[in-house]
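Structures are listed in the sections that come next.
Here come two complexes built around subunit A, the first alongside subunit B, the second alongside subunit C.
Right after this comes the complex of A and B.
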């Protein structure tokens, strides 16, 4: 037989064998997954009555005794408890969290946390975000991971630290993350929401603690602005005066358009009447975005004193300012004809467009 | 006969120097695929491990997360439009709007929308940064304030999307097909791309085939494989294309395609590059390439991502001629994009994009059909003339078929390791079977469609082609009675030639195998034995 036929047979067999191997692997994975799902289901059926019993009677030993050391039960137990946690609040939630603190499950996750595998570490971080963080060794490890090159681990570690009741620890984590350039705006907003406790009485303490983040010089102006927006949205009212001071006499770190805009908007959102005078000083700022923000906020207060200056701003070189001025004037019941009358021929087209845009939006708003 | 042999022999002589080109092409294609498979295999597992990281707490309490406008262009979609828009309005997300663009429909699409969603007219947008055919009216729903409907003159999908972008009021725009079915948590899953990185300008999700699935109220309730041969073959194709093609390119930061059926874009970035092009049939790929080119030339950091987790279900054609037209259009779109942006090809200024992704799409995806088709023709003629070592031809064919199968089955395995959307073991077995069958006959037909697409592009054909959809969840009465019978008969005869190619390919391969086995004495030459026994 020719040598090429041997080659043909070998190539065919190798590739066919590889295909079969892949096929069998796929089947094997599916079967293993099915078994895993069935085992979890069975475990849930076994464990759930004990957990419910614990919630009623408070005997955690009964739950602890169910642990046998099998790998599956850590995952399954955590899944059961976290699922239940998303459905209960208050005392029951607290009690459930205590369950996650049981020795076998805690030790297992501690081992994952100190392992060399980032995936295991992330799993551990997810777990620790649900338990009260009091163990110094764990906190130290989590802080260490804030400097990891793996952004997923950084975010997970920060999330875990946000679960702490110690506001200073949360602030420290937030600060550390905010110094990073790689973190996205939305990830930072998410962390800020995780920083914010659901307990209303915490607002003041958290607000005070946040000053340390805002004062940190290593934080970029974009991130500082983002924090101001989040502060405004969540409603840390005790920071209004502090922010107003920063607007009145901005230091080098605070004198950036995006920070000034966020701060001006914050004053408006907090309805801080004391800020009007300060905001007026920004009507001739060199940044058109800042001027637009100042015009928009002042227009909400409806002071007639500002209208002549708004009219003056119709002739501003930047279209954003023109638009803000048109909107501000219309919002304060200045007639369209009066606005159009104020502008030179060259700007007529642009101003008319903004007038129409305002009227469209206004009509739509009223209708809906 | 002698004359034909002579012509064929001349062709063979002419093509002889190209033998190495065929073998080189074969090696280049398969090595690239193997590389992509390996990357995707590990990258998809890596991503899978981190899916739980962004468990969003603030999304539904904040307006600072990026809001999304879903753009759904509709042209004569009266069969599905209400169910489709209804399903879009039920998506789980904090801040989104749905913008339906009625692209000059001649049926009752607009009337149905007007009545069902109690639309009232609002003002047309004044600021129109992107060009498109005139907008006649814009409406908002009285029952769902987050629904806007744009009624405009007909101008094809790209034009409709441009109008939608102008009307959209959110930071991100999600372009879909009118018949796309988005899973309820799709936007939440897509948002992760923007959580992971700051400068993301476009994200694509996976498109899966809805044929064969059980669909109620435009929601996929039960996943299953399509019943037809073509549907199943396309399932394998889509899995391969998305689960190792796009995942691999995403890892290499060189993703050039985001499916028109489902993609999310940063509105500012799209406006900055001028929106979708009107005069191309591959507007989805062209936009992505233009975004790459724009930001590379500007030197601004940016990312184009593919996320394999968010799912969009779509109906695929199960008719040979419709599928052929679709693939022809895809090939024309690809060629058009490549030629418009040829400046990027092998240009180190564009980094991996210019040196890796563009050459791949240019030489392998665009010119591949030419090489493959000449290769097929060459081998067939050589075999016919009997001037070739048949064992070598069989070896080449075997390697080609089995390698194709190995690659396709790898994507089935990737699916098993990650998402497991096809529920039964029978599904896995079927996918593996069709991964094999795909290489015998269908692949050759597909090459022909792509080749023809390339020729049509050179001829300047920019027609979209009629895309007939049967409707997934429709209880339409349109296709009933005589019309349906007529269509079935015409479809049957239309598909005959394709089946002839498939069976023909099978017969050739079997004949070749027999020939090699007999020649090498593995099996006896029964025919000769009988002839000698009979003394013929």
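Right after this comes the complex of A and C.
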């Protein structure tokens, strides 16, 4: 009895101690955060008038002289410039971008880039990505970080490399990222869009260089399919025949349902009439998803010759294919009664449901 | 800056942007007042009777359209000219602002010098 009370007192004291420790550390964190926010605000207030003066008078020396070397000062300054850059354009935007090249800012970020702290390295990568400035020294470091076990650093380094004018370097960065299976779809798509420059005359060169990424055998089929979708979205039209060849005779790396679907859709998006014959060969593919994609594309670009085959697919064992066939037939003005007439009693309910769905969607589309 | 120079009320909540606008407007010789949310912006419009309101759409407490609607329904503020700052590619925002009676719409990101020209145009009309 005495021992149990003794133990209870000890446990209570330990719990009380832990609660106090948590309480004190919570207060400490809050105070530290408040101090951090106050410091940022102070630097912001100090820097902002000089940035505004610079925008009017154009004297960058005035801004340069304000830096005292404090880390937060650079942070506050960058925040001002990037926030403004997101809201203004024209002459002011041009001048703001020039501010990011000031020697103290550049030197500060180079120090961050070669530091041992991954958080600082990521910050530096983000800066070099914003200013799209990558020289030999920086490239060497960024390429080194492409092999880091820290995914965030790898992605930031690859993003910064997208600022390079050298298309092969951008392809190399894209390949390094695409080989990693843990990378998210969103990150990969974002990077791909950064790979694409705004210059129209670069489209052909970039398209040609992208073949190296698509041909890389270490890239997963999901990532290859994602690249094909991005290629379609951005509009690398010069890759359409290359992709069609891959659809015609897919090698092992290209013969995955998700890649085939992305490629079939790409042909449709690029309005490639030449692909119709090849897409028809996928109407009896073993993957119902591939068959559905082929039916959907042929319903847009095929001919009346495809209609009997669509009717035949109404009896397919997979509902996705049945649905695609119903939609394709209705889209090609086949009467709903004719469609329902084609199917056996057992499929009647399913097919009628898809007919109704199509008609509802079509009505909604017309109303909107 | 003289007391009879036009008074412009800037209703905008992004600090760097209102600081930029205030700086440029003052440099151009206007008297300037600033409010960072819709409700205070509407009250200031009634109280100060500015010559022009530069009104952002995305505002805390009351959005720019509500401010504009309230201004146009109130006899004390219905004649005050308004330039709206809207996000790019928001056609519906522009149409809405037009119906509610804004004089001009400037899309963000904007060119500050073009905005100054529009302000001159609106105040001169």
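Keep in mind that, in the parts below, the second predicted complex is superposed on the first by the 259 of 368 C-alpha atoms of A that agree within 3 Å, B and C clash if a C-alpha of one lies under 4 Å from a C-alpha of the other, contacts with A are read in each partner's own complex, and residues count from 1 in each chain.
Basically, a residue touches a chain if its C-beta (ideal position, glycine included) is under 8 Å from a C-beta of that chain, and two chains touch if they have at least 3 such contacts.
Given the structure is predicted, the values throughout are model-derived calculations rather than measurements.
Colleague: In the overlaid three-chain picture, which partner chain does A:238 touch, first (subunit B) or second (subunit C), both, or neither?
Modeller: It touches nothing on subunit B or subunit C.
Colleague: In the overlay, answer first, second, both or neither for which of subunit B and subunit C A:55 touches.
Modeller: Second partner only.
Colleague: Is A:364 contacted by the first partner subunit B, the second partner subunit C, both or neither?
Modeller: Only subunit B is touched by A:364; subunit C is not.
Colleague: Identify which of subunit B and subunit C touches the larger number of residues of subunit A.
Modeller: B
Colleague: Based on the superposed arrangement, let me know which partner A:189 touches: subunit B (first), subunit C (second), both, or neither?
Modeller: Once the two structures are laid over each other on A, A:189 reaches subunit B alone.
Colleague: After lining up the shared chain so the two structures overlap, which partner does A:90 touch, if you call subunit B first and subunit C second: first, second, both or neither?
Modeller: A:90: touches subunit C, not subunit B.
Colleague: Have a look at where A:30 lands relative to subunit B and subunit C in the superposition and call it first, second, both or neither.
Modeller: first
Colleague: After lining up the shared chain so the two structures overlap, which partner does A:197 touch, if you call subunit B first and subunit C second: first, second, both or neither?
Modeller: Neither: A:197 stays clear of subunit B and subunit C.
Colleague: Looking at the overlay, does A:331 come into contact with subunit B only (first), subunit C only (second), both, or neither?
Modeller: Touch status of A:331: no partner.
Colleague: Would you mind writing out the residues of subunit C in touch with subunit A in their complex?
Modeller: 14-17, 19-20, 23-24, 27, 108-114
Colleague: Looking at the complex, which residues from subunit A come into contact with subunit C?
Modeller: 44, 48, 52, 55-56, 80, 83-84, 86-93
Colleague: State the interface residues of subunit B toward subunit A in the complex, per the touch definition above.
Modeller: Residues in contact with subunit A: 49-50, 52-59, 61-66, 120, 122-127, 140, 142, 145, 191, 194-198, 389, 391-392, 394-395, 398-399, 402-403, 405-406, 409-410, 412-413, 416-417, 420, 425, 428-429, 432, 435-436, 516, 520-522.
Colleague: Can you check the complex and tell me which residues of subunit A touch subunit B?
Modeller: Residues 1-2, 4-5, 7-8, 11-12, 15-16, 18-19, 22-23, 25-27, 29-31, 33, 119, 122, 126, 151-152, 155-156, 159, 182-187, 189-190, 192-194, 226, 229-230, 233, 353, 356-357, 359-360, 363-364, 367-368 of subunit A touch subunit B in their complex.
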